[in-house]
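Each in structure tokens, the structures are laid out below.
You will see two complexes here that share chain A, one where it goes with chain B and one where it goes with chain C.
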Partner chain A sequence: MSRREGSLEDPQADSSISPLPHLESKIQQTHSLARLLTKYAEQLLQEYVQHQGDPFGLPGFSPPRLPVADLSAPAPGHAGLPVPERLRLDEAALAALPPLLDVVRRRQAELNPRALRLLRRLEDAARQARALGAAVEAVLAALGAETRGPRPEPNAIAAATVTAGVFPAKVLGLRVCGLYREWVSRTEADLGQLAPGGPA
Partner chain B sequence: MPAGRPGPAAQSARRPPPLLPLLLLCVLGAPQAGSGADTAVISPQDPTLLIGSSLQATCSVHGDPPGATAEGLYWTLNGHRLPPELSRMLNASTLALALANLNGSRQQSGDNLVCHARDGSILAGSCLYVGLPPEKPFNISCWSKNMKDLTCRWTPGARGETFLHTNYSLKYKLRWYGQDNTCEEYHTVGPHSCHIPKDLALFTPYEIWVEATNRLGSARSDVLTLDILDVVTTDPPPEVHVSRVGGLEDQLSVRWVSPPALKDFLFQAKYQIRYRVEDSVDWKVVDDVSNQTSCRLAGLKPGTVYFVQVRCNPFGIYGSKKAGIWSEWSHPTAASTPRSERPGPGGGACEPRGGEPSSGPVRRELKQFLGWLKKHAYCSNLSFRLYDQWRAWMQKSHKTRNQDEGILSSGRRGAARGKGGPGGWAGRETRAPPGGRRPRALHPQP
Partner chain C sequence: MMDISLCLKRPSRMGDSKRMRMTSNFQWLLLTVLLLYLMNQVNSQKRRTPRDLKCITNNLQVWDCSWRAPSGAGHGAAYEVCFENGSHSCYRLEKNVKIPALLPGDHEITINPLHDFGSFISKFTLNEKNVSFIPDVPEILDLSADFSTSTLHLKWNDKGSVFPHHSDVIWEIKVLRKKNMEIVKLVTHNTTLNGRDTIHHWSWTSDMPLECATHYVGIRCYIDDPQFSGRKEWSDWSPLKNISWSPDSQTKVFPQDRVLLVGSDITVCCVTQEEVLSAQIGSTYCPLIHLDGKNVAIKIRNISASESSGTNVVFSVEDNMFGTVIFAGYPPDIPQKLNCETYDLKEIICTWNPGRPTFLVGPRNTSYTLFESFSGKYVRFKRVELPTNESYQLFFQMLPNQEIYNFTLNARNPLGQSESTLLVNITEKVHPHIPTSIKVKDISSTAVTLSWHLPGSFAKIKLLCQIEINKTNSVHELRNVTMKGIENSSYLAAVDKLNPYTIYTFRIRCCTDPFWKWSKWSNEKQYLTTEAIPSKGPDTWREWSSDGKNLIIYWKPLPINEANGKILSYNVSCSSDEETQSLSEIPDPQHKAEIQLDKSDYIISVVAKNSVGSSPPSKIASMEIPNDDLKIEQAVGMGNGILLTWNYDPNVTCDYVIKWCNSSRSEPCLMDWKKVPSNSTETVIESDQFRPGVRYNFFVYGCRNQGYQLLRSIIGYVEELAPVVAPNFTVEDTSADSILVKWEEIPVEELRGFLRGYLFYFEKGERDTSKMRVLESGRSDIKVKNITDISQKTLRIADLQGKTSYHLVLRAYTDGGMGPEKSMFVVTKENSVALIIAILIPVAVAVIVGVVTSILCYRKREWETALLKHWK
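And now, the complex of A and B:
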């Protein structure tokens, strides 16, 4: 992710109006970042299914929703939680995604070594998730809300290697890319609740 | 899609898939009941097969939920449902599949063979790798632009498409000693190329070869032996300029600068020029340019736009006997010959500038004649410059006559008029070239 993407400015801001308060500015910037990354996450998902072959890209394809260690999809009741709690869950998910995306990238480097754009998108996604997670953490700190604090390193990566079939690896990659898209989109929606002009 | 016939007890995987150090299922949590995760197993997992071979596969249900059977299960391959006649139930919990005459894999990540429950949900999957072993790479060629690096490219095996990811590795070693080295910078000048940036020795031969490897085998090219000094090339000559030669309608002058890298390596260079008419695709090549940095193209069509390119070949580097490698052609430079009412001939060779000897047959004979004249007729003023002046004068004269009389002249009046004709030739009747072509060979008079 370029620095330009991480420091967005509102192109419609009128210079004659006094600068936004620091918190509102931070929220707005993070919201804009989340919106941009939602678009990138969608592109990543499209690129991913293209390289796995059918049926991965076919409408109605419904592989088993394999559980992923340290991460699950946003719960159905997520939207009903208070905004700070939602943002805490967003931040935790964004922190769990980078190592998973790295695993997927390494596996795809073996399965699709010539899919350079896919590999680059997976690498970018890991960086983008870290950046967005850090920005959400900063918003929570500015709100005076508690963050989750230091969390243990995911031990899934440090676990003993397990031989896995190619098809399950493809399905897992699809699951991780899908989770990335869900959580980035969820973060955008949750920040939209706080951004100026959004619902209180 | 494979042929849809139940085969006999056919061979299954030709070779078990290579064991890859994977770090994957550990990121999966424990399968939950009812999640549909791995409630069946396909065997074999991820087989590698030759094109045209057969496959026997099975889908065995785990029995979760209890009582699950193979009844109603079906197969898909790359999203397409396979005909039911290819399947049969081996027992209550196992559905078998027989595929024959397999086609090459549709994607390099493997064809997706999936076992489905009656309701269409996915129970298990396996990826098939169907392809061919690599053939021997060939046609390795290498070049060095500055005698410090080496770039090589090759052609993959004759059949090309293996349907499997095939890895190409360029290897090199000093011929008489040293260990094998592997090139690391691939795809620098195309998909089958590699660049070795440093640590190369001069005055000693290298052995270079390419190894191709995929899941079905490997192949190695023949070994190419070379000395870096023998494969040197340069950038194209810069600053190529093409201009008219006074009023001469069938000539253009080409000038260029020798590539700057030549200055550092104490070697000579030879050049080639090619040119074509603007609306033609046929290039004419002038080979005999030697180490000049200028050339005059003759015998061109008047009033015509020509595109010209120049390239360079360094040779004699540090005493090497071998020619180097031709550079790329310079960017095309265009110029037009002056307009003439009479069409001129096509084709030509590199002509001399200002009285220098030429290799063209007519001018060669003319040179001989002039030499004879100087020796026997004391015509010290004779030279190619005078000849060119005469030709330009002749062309002007023809224009003037055409304006006066409206007819083409055979040029009989030519220099015999004595109006601005070359000295030493006055009074002698000459036949101007018909149609404005190059002068006919002049035979020496005793």
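And now, the complex of A and C:
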């Protein structure tokens, strides 16, 4: 366990050890999935902004980065953490995102019931975050790293993010979509550290 | 004003009358001094009596009277006040007196200062007209606020039980805003006092959210008692009550998520401890209106319809943003085109068009309720987001034994409501479902039974169904079937007058009686009717073989409507008085048979057979009826066919047969034949095999007792073309002034039409010089001869010059055009007589000139000799 962790902390140093083919394949697949979802997350964010009306999406509009229950943006020091730790944080964030995305989708269903593409993207995003989280968890398990502890109840997360007004709800939705993009992108980068041919 | 009369409490002091009667001057002076003294005394007495009696009332039952105390009266001076009001009443009191309201009219009141010997008694005349009616200050019972609607609710008691009469009351209410108490509303509110204490309510909706600033409310009143004749005045203002907002941590901008009518004005404020830097609606920045503290507001006028997610209003502070969303839209339009009908008399479906878009969606979208007044039942429209131009629908379960329904469709959204009504007899509004499960069953080869399923409870009404019958290459036919509606939804109808062995396509639609709407057409059901025996024998013809020994019998396949099934085989028999020859079971598609026969009269019989049976026989005699009077005629067609006519022949009893073939084919020549009825005198022969420029032979036969006689023989073209070759021609003879030309006939295949003549051109010309020139009849140096006698095969060209080269051209033409040309060059022979004449004429002229000259010379010499003789 510790040997593997050590090797993940410094993938370059581990180049003499041949990883198992199925692990390589799993990492590769998960990395590809993360890359694809990064693109989708960007599209979701753009689509979301498009449907909230001005001044959302206008240059200079920067609403406060509201705190979101059980989820924060990747810390500035994230990249300096050991890779398994990073992946554990990624996986925890990906597990926290689906209920938040569900809350956003429900609110958008009331505000933009005819924006079917946005609603579908939000629904897909929740499912895709779950899938990527599971894939990262599987990679962690294959690496022999510990996975995270008990997950918070989705309902508790959703309840904690209920906002009173429509405007705060729009801002929260923007924040959640932004967090989704950041964490998926972060996961892609972290998996890139492990993927064959990835940066050292 | 009160009339005041004064009298002295003590007796007046008399002057010394004795001294008054002193000297007048002194008297006047004395009188003046005395008068001044008396006036001073009077004024002094006035000052020493109670004065300026004033009475007011605040309940019309008690008058509160007060007066100015005499000068010098100490504090706590007591008075005795007496007045007449039916009885004499006196009160002892200090400064003012509350007396019961006096009856209308003047009342004398005396006020006697007690214990003050220097004061005088005052008498006043008091009338109700001199009394002021000033109501008590109203008391606000409660001031509350509905912050969600920015509405203030005021509650107060009119204390009507105090007042003896019914009176009109005017309440004046003022609303003030902010700490500097700007009056934002001053309004009057009318009520009536009815002898009881009554609680009154007044509500006011602020144009600015109540959270934005403190609001204060005060009230006063004016009671207009019709029986009180005194002066009526406003009460004093009540103490102000206020409403203010206790800021919470979350909401900073007000109003939150307000739904507004498009075109409205709205004030939005931000309640904050931080300095607001800017405010914007959508992308437009708005000027700030400063309120108490750091609170600010913006005024939005004539707001436009919002997009789906609303219009954002955002206030920016240094490191944060606060916002709200406004939903500007319209109240629901009156539901349009409300229509209720039923598919099955079990359920009513009502549809409508929402009309003008409200621009409100989600929870703010229009909700619809369909209410039926006779039953009291209603259904609600489940919110779905439909495109704005799409119609809405609601289902209402039909009630047993109820046919008349009175529907009210109510539309409601946060901005208002509207409704549309419809009274409908549902049995007259049946739009049946599409018939399904179409099945076909045979009755016979010409009749079937159609069955179908039509869901619905139609037991009490009649159905009209329409059956569409389609047959290949035929016009579709509609048949109506009326039937009694049934409960189990299965219906049957017989369809007759069909053709055997024919593919039919059936489909069905139904309506109810009275008619409302047709159902949609059912799916098509294809069905092949069963076979029947062929209705006719085949169309038959016969030809003798070229050697005349065999009779070739031809017949045509039966058309489908006569075959009545699949033709399997044919039977052919030839019968004479002596014998019968038969050829059986000639399989289809063979349509020709050859039988060796002598030249006796035979009757040929052809029968077609299908799986059900045999057709009636077609009969034709083997021998033709001779016709000696036969001429060959010509005919030209119309491109795609040729019209043949003949005279009516009463002897023709069966029919006419026109047979045709290509004229270049060898015998027996038969391309096809056509039968036409015996009463016809013309027919157009058309065939895909006809080609333009090809000569065909047509033979018209008339039928008598199964025997045929050739009536006309016609050669013809469906279309004539120009000849493809020029006639071959040769020069038979030439002379010095003529050429004899001879040509050959053009073969029929190359002629391609009836020959109408030849054109012959000639001109002088050498082979080398004129070979490139085109001979055209328009040129003056070209001579043309049109030979229209097509039997002519030679031509002599006369009046030519001898020993001259001529260019000759010949071409043939038909009505289809001019054929190609063929040419040659011919040189005429030399002319000998002309040569001789050409030699002789100059010789003769020379001789004549010589003779004449000789004569003249001789005559001259004779004349000169005679002249000399004379001179001499």
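In the analysis below, the second predicted complex is superposed on the first by the 168 of 200 C-alpha atoms of A that agree within 3 Å, B and C clash if a C-alpha of one lies under 4 Å from a C-alpha of the other, contacts with A are read in each partner's own complex, and residues count from 1 in each chain.
Note that in this section a residue touches a chain if its C-beta (ideal position, glycine included) is under 8 Å from a C-beta of that chain, and two chains touch if they have at least 3 such contacts.
None of these values were measured; they are calculated from a predicted model.
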| item | value |
| --- | --- |
| Fit or clash - chain C, chain B, common chain A | clash |
| Partner chain(s) touched by A:Arg65 [first = chain B, second = chain C, both, neither] | first |
| Contacts of A:Leu132 with chain B and chain C, given as first, second, both or neither | neither |
| First, second, both or neither for A:Leu100, with chain B first and chain C second | first |
| Touching partner for A:Ala109 - first (chain B), second (chain C), both, neither | second |
| Which superposed partner A:Phe167 touches (first chain B, second chain C, both, neither) | both |
| Most chain A residues touched (candidates chain B, chain C) | B |
| Superposed model, chain B segment overlapping chain C, candidates 224-232, 278-286, 350-358 or 368-376 | 224-232 |
| Common ground on chain A, meaning residues reached by chain C in one complex and by chain B in the other | 51-56, 58, 61-64, 110-114, 164-168, 170-171 |
| Partner chain B, residues of chain A touching it in the complex | 51-56, 58, 61-69, 100, 103, 106-107, 110-114, 156-157, 159-172 |
| Interface residues, chain A side, partner chain C - complex | 51-56, 58, 61-64, 108-115, 164-168, 170-171 |
| Chain A-facing residues of chain B, complex | 19-32, 35-38, 42, 45-46, 76, 78-80, 106-114, 120-122, 124-127, 165 |
| Interfacial residue positions of chain C with respect to chain A in the complex | 250-251, 253, 256-257, 280, 282-283, 306-314, 319-325, 361-363, 385, 387 |
